[in-house]
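Below is one structure, written out as structure tokens; comments come after it.
We just call them A, B, C and D in the order they show up, numbering each chain from 1.
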Amino acid sequence: MERTVTMSLTDALNELVTANRILAREGVVDAFGHVSIRHPEAAQRYWVSRARAPDCIELDDLMEFALDGTPIDPAGRNPYAERHIHGAVYEDRPEVHAVVHNHSPSLIPYSITGVPLRPVMHMCASMGTHVPVWDSRSAFGDTNLLVTSMSMGRDLARALGTRPVALMRGHGCVVAGPSLRNVVFNSIYLELNAHLQMQASSLGEVTFLSDGEIAAILQTRSSFTYERAWEYWCRRAGRAYDHRPMGGPLSQAT
Amino acid sequence: MERTVTMSLTDALNELVTANRILAREGVVDAFGHVSIRHPEAAQRYWVSRARAPDCIELDDLMEFALDGTPIDPAGRNPYAERHIHGAVYEDRPEVHAVVHNHSPSLIPYSITGVPLRPVMHMCASMGTHVPVWDSRSAFGDTNLLVTSMSMGRDLARALGTRPVALMRGHGCVVAGPSLRNVVFNSIYLELNAHLQMQASSLGEVTFLSDGEIAAILQTRSSFTYERAWEYWCRRAGRAYDHRPMGGPLSQAT
Amino acid sequence: MERTVTMSLTDALNELVTANRILAREGVVDAFGHVSIRHPEAAQRYWVSRARAPDCIELDDLMEFALDGTPIDPAGRNPYAERHIHGAVYEDRPEVHAVVHNHSPSLIPYSITGVPLRPVMHMCASMGTHVPVWDSRSAFGDTNLLVTSMSMGRDLARALGTRPVALMRGHGCVVAGPSLRNVVFNSIYLELNAHLQMQASSLGEVTFLSDGEIAAILQTRSSFTYERAWEYWCRRAGRAYDHRPMGGPLSQAT
Amino acid sequence: MERTVTMSLTDALNELVTANRILAREGVVDAFGHVSIRHPEAAQRYWVSRARAPDCIELDDLMEFALDGTPIDPAGRNPYAERHIHGAVYEDRPEVHAVVHNHSPSLIPYSITGVPLRPVMHMCASMGTHVPVWDSRSAFGDTNLLVTSMSMGRDLARALGTRPVALMRGHGCVVAGPSLRNVVFNSIYLELNAHLQMQASSLGEVTFLSDGEIAAILQTRSSFTYERAWEYWCRRAGRAYDHRPMGGPLSQAT
């Protein structure tokens, strides 16, 4: 039996603060980028911080939004102009419970060269077999590249489709997944894969993971793998780790 | 309505100390490099530290200069030999209120290879569509490369023209802008762009931001974007962030 | 006379905690990867942590295993699924007293391109003249790449043979040696060599250490070299260094 | 008038401890590498630490040696086996008062590819117009590469000649200069130059500093430049900076 996530809303929001701090500590976000969760008790709403750098975020910064981006209780706080990335994905993907948008540095070269990002090692298989690149210019022409409307958000969500990751040309990426720990894990290992794939490409022809290997990794990865990494990242980010007992048989761990 | 900067001189000088510390913390300067502001109440003067490493600078290190580099009240302090970079830009550009000179590492390769530095992502668009390279050798022959006279400073300012950034061959760059937060922001994202452009170039042919996108980014970037980054950089540099209320409608944020 | 290691089991386990922390501090492991020692008094057993990130490991996390991976006193703790890497090497190599498994980033490109990893500098000679690459796909087809059975562990141990290091395709490496300090030292300098070899390859044709040089280095490297590095890494990892007197003539040091 | 160094021996040895810590903090040495000074009052002797990692060194670790490497008062301490690098240079070069031996990572690729290291920016001009590469194999065949005798040290010193820097194939470098601050400065900027030259080479054809520029930089660089950097590095290394008044006219500073 895997861990059942039955957190209270407060617990969930504390974890969202932790996720922000982890993404900053691990170099996936700088002053920009954001991470959200679907409201655990109201599927038509999501939570994300007010417009603030992830490393600075406190519990009181978290805001609730309708899927179309309308703040429920703004209380004078400034929302992210790009929150529509999150709303559009939640609208389209009922199974998605967490979304990251970031400018993870090593991803940018893949977004602007046509070279596909593909998994080179087992830890990074979560991106799947194909990572699409969404270009805001295709449908919207010359803009400031920001996803500032539901119309743009939905166009991006269409490019993402049912996949976990889409790159955004000259901008960054969106990562969607079933849990907060999943999207943080995937974001951190995307950066690593992008870095290693560049290095390997400079040495010679690269052997990528096979589709069968990617499928095997995704089928056998347990929540326990995310827990091990989460504890480590909490320690590095100076955040308390929530030690809840994990029941059942030994989980698959690397 | 955007935030109106109506700081006292003391506030402005404290921000200048913070700017020095941020540039050091973010790796844009090491023991060398400097940042100045035009005197907020006397357009023919500017403030910059005595000759000291940016990470060590305190309020008492800041010195006032006439645009030709004459110290107003030296009090036994040693000025930067290259302060003329600042004076020459302020002399030529009334709209400029802050200048950075740095040796930001990833910029150097562009200054010595003829490969143009160009924006690869939206955060880095502030450099504009063309970044010129000034070579001290063209007008001054074999020197120690330092801009130690108004004559050299003015030659550099001519190469800069009305642009925000010029590279200096085998040396570094100068960044000029309307505010301290603008030039610090631009300096940090120049380093990132230079790094990413090198990586992308090693992968394949690069799609840069279009001129229309660069224009759209510059037109829609609000002071709020600079505030978000500034708070984050203050936190990393161990400096207090000056939380002044920002009025008006929601600013454009990424 | 070189230092004779006559540690108590408790001392040895404390050193194993330190080894985990060092590998994390030096960037050789992140949340994943593990290091083990053969039981100093029972050659058919080994010690390795429960499934936890190396940087978080405490003395109580260490578990004892039979060589086939059966925990001696699990006490409800979750073992690493990949502990069979360690058991299979100890089973095959009586002279081996410590094993590291890691995903050291710069090694990955060599595991997926066919470019051989070879020593470029004296500190990194411990890898020997040939570093084999084990591919789980050769004998086991499409898997999640994890070494989760003794059958896989033994296949990897065969590829390793009598060598100190084998790479694992798309995964990482295994490092085996006569002592804990040896395998930690070798792991850290493998990462450095991999990084430098990539850089050198991008500059031009590389002169590697000769076989005679590698042999000379391995023959003259004394325990004193490991001590000097260990003290330094303890300091960086915030762990106490065990200053035991080293007797005899001056050891060879670099 | 430039600062006259009239330090007591104790002051000089405290500065030597600081130099060790700085080189470690700036990534020029890891657990290995060493820095020495000629005895300020006895030209036929020099001081260097006992065999210990630079970041761990305390005042009591410093040992005095005759130029042939004989310890004056060993007191049971283990000397560096490679101290002969220092002795041989002091023997050959009366004007040299400080020597660094390090394995600075970015230098290694130049030592094993035949690509010459050359100054790409003004801060790094101290290496001069030609950096020779000494190969221990030329005169001594297959060894462990360590300079463990005066015979090897003198061979290296001959390759160095009157220059400030020589690379050592597959090993590192030696840096010699008139003062401790000079060799530390030169070591740190060698690493930077090596890194930037590799990046620039990957972009296109590189414009190096001209011989005239290198000469101009070396002629105009004042002790004040070293002071500015030293204060900064002391701060980063957690060491007190010795603020002695600097008299005279404004020094040339960058």
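Simple rule for what comes next: contacts are C-beta pairs under 8 Å (C-beta built on N, C-alpha and C of every residue); 3 or more make two chains touch, one makes a residue touch a chain.
Remember, it's a predicted structure, so these values are computed and weren't measured experimentally.
> Count how many hops through touching chains it takes, at the least, to reach subunit D starting from subunit B.
1
> Just to be sure I understand the contacts, which chains border both subunit D and subunit A?
Chains in contact with subunit A as well as subunit D: B, C.
> Which chain has its C-alpha centre farthest away from the C-alpha centre of subunit C?
B
> If I list every residue number at the interface of subunit A and subunit B, are over half of them used by both copies, so same, or under half, so different?
different
> How many angstrom lie between the centres of subunit A and subunit C, each centre taken as the mean Cα position?
From the centre of subunit A to the centre of subunit C is 33 Å.
> For subunit B and subunit C, what's the span in angstrom between their mean Cα positions?
From the centre of subunit B to the centre of subunit C is 46 Å.
> At least two other chains touched by the same residue of subunit B: list those residues.
202
> Using the definition of touching given at the top, classify the network of chains in this structure as line, ring, star, complete or other.
If you draw each chain as a dot and join those that touch, you get a single closed ring.
> Provide the full list of chain pairs in touch.
Contact pairs between chains: A-B, A-C, B-D, C-D.
> So in the complex, the part of subunit C that touches subunit D is made up of which residues?
Touch list, subunit C to subunit D: 119-123, 192, 195-196, 199-200, 202-210, 212-213, 215-217, 219-221, 224, 228-229, 231-233, 235-236, 246, 250-254.
> What residues of subunit A sit close enough to touch subunit B in their complex?
30-32, 51-53, 55-56, 78-82, 103, 105-106, 108-110, 112-115, 137, 141-146, 148, 169-172, 198, 201-202
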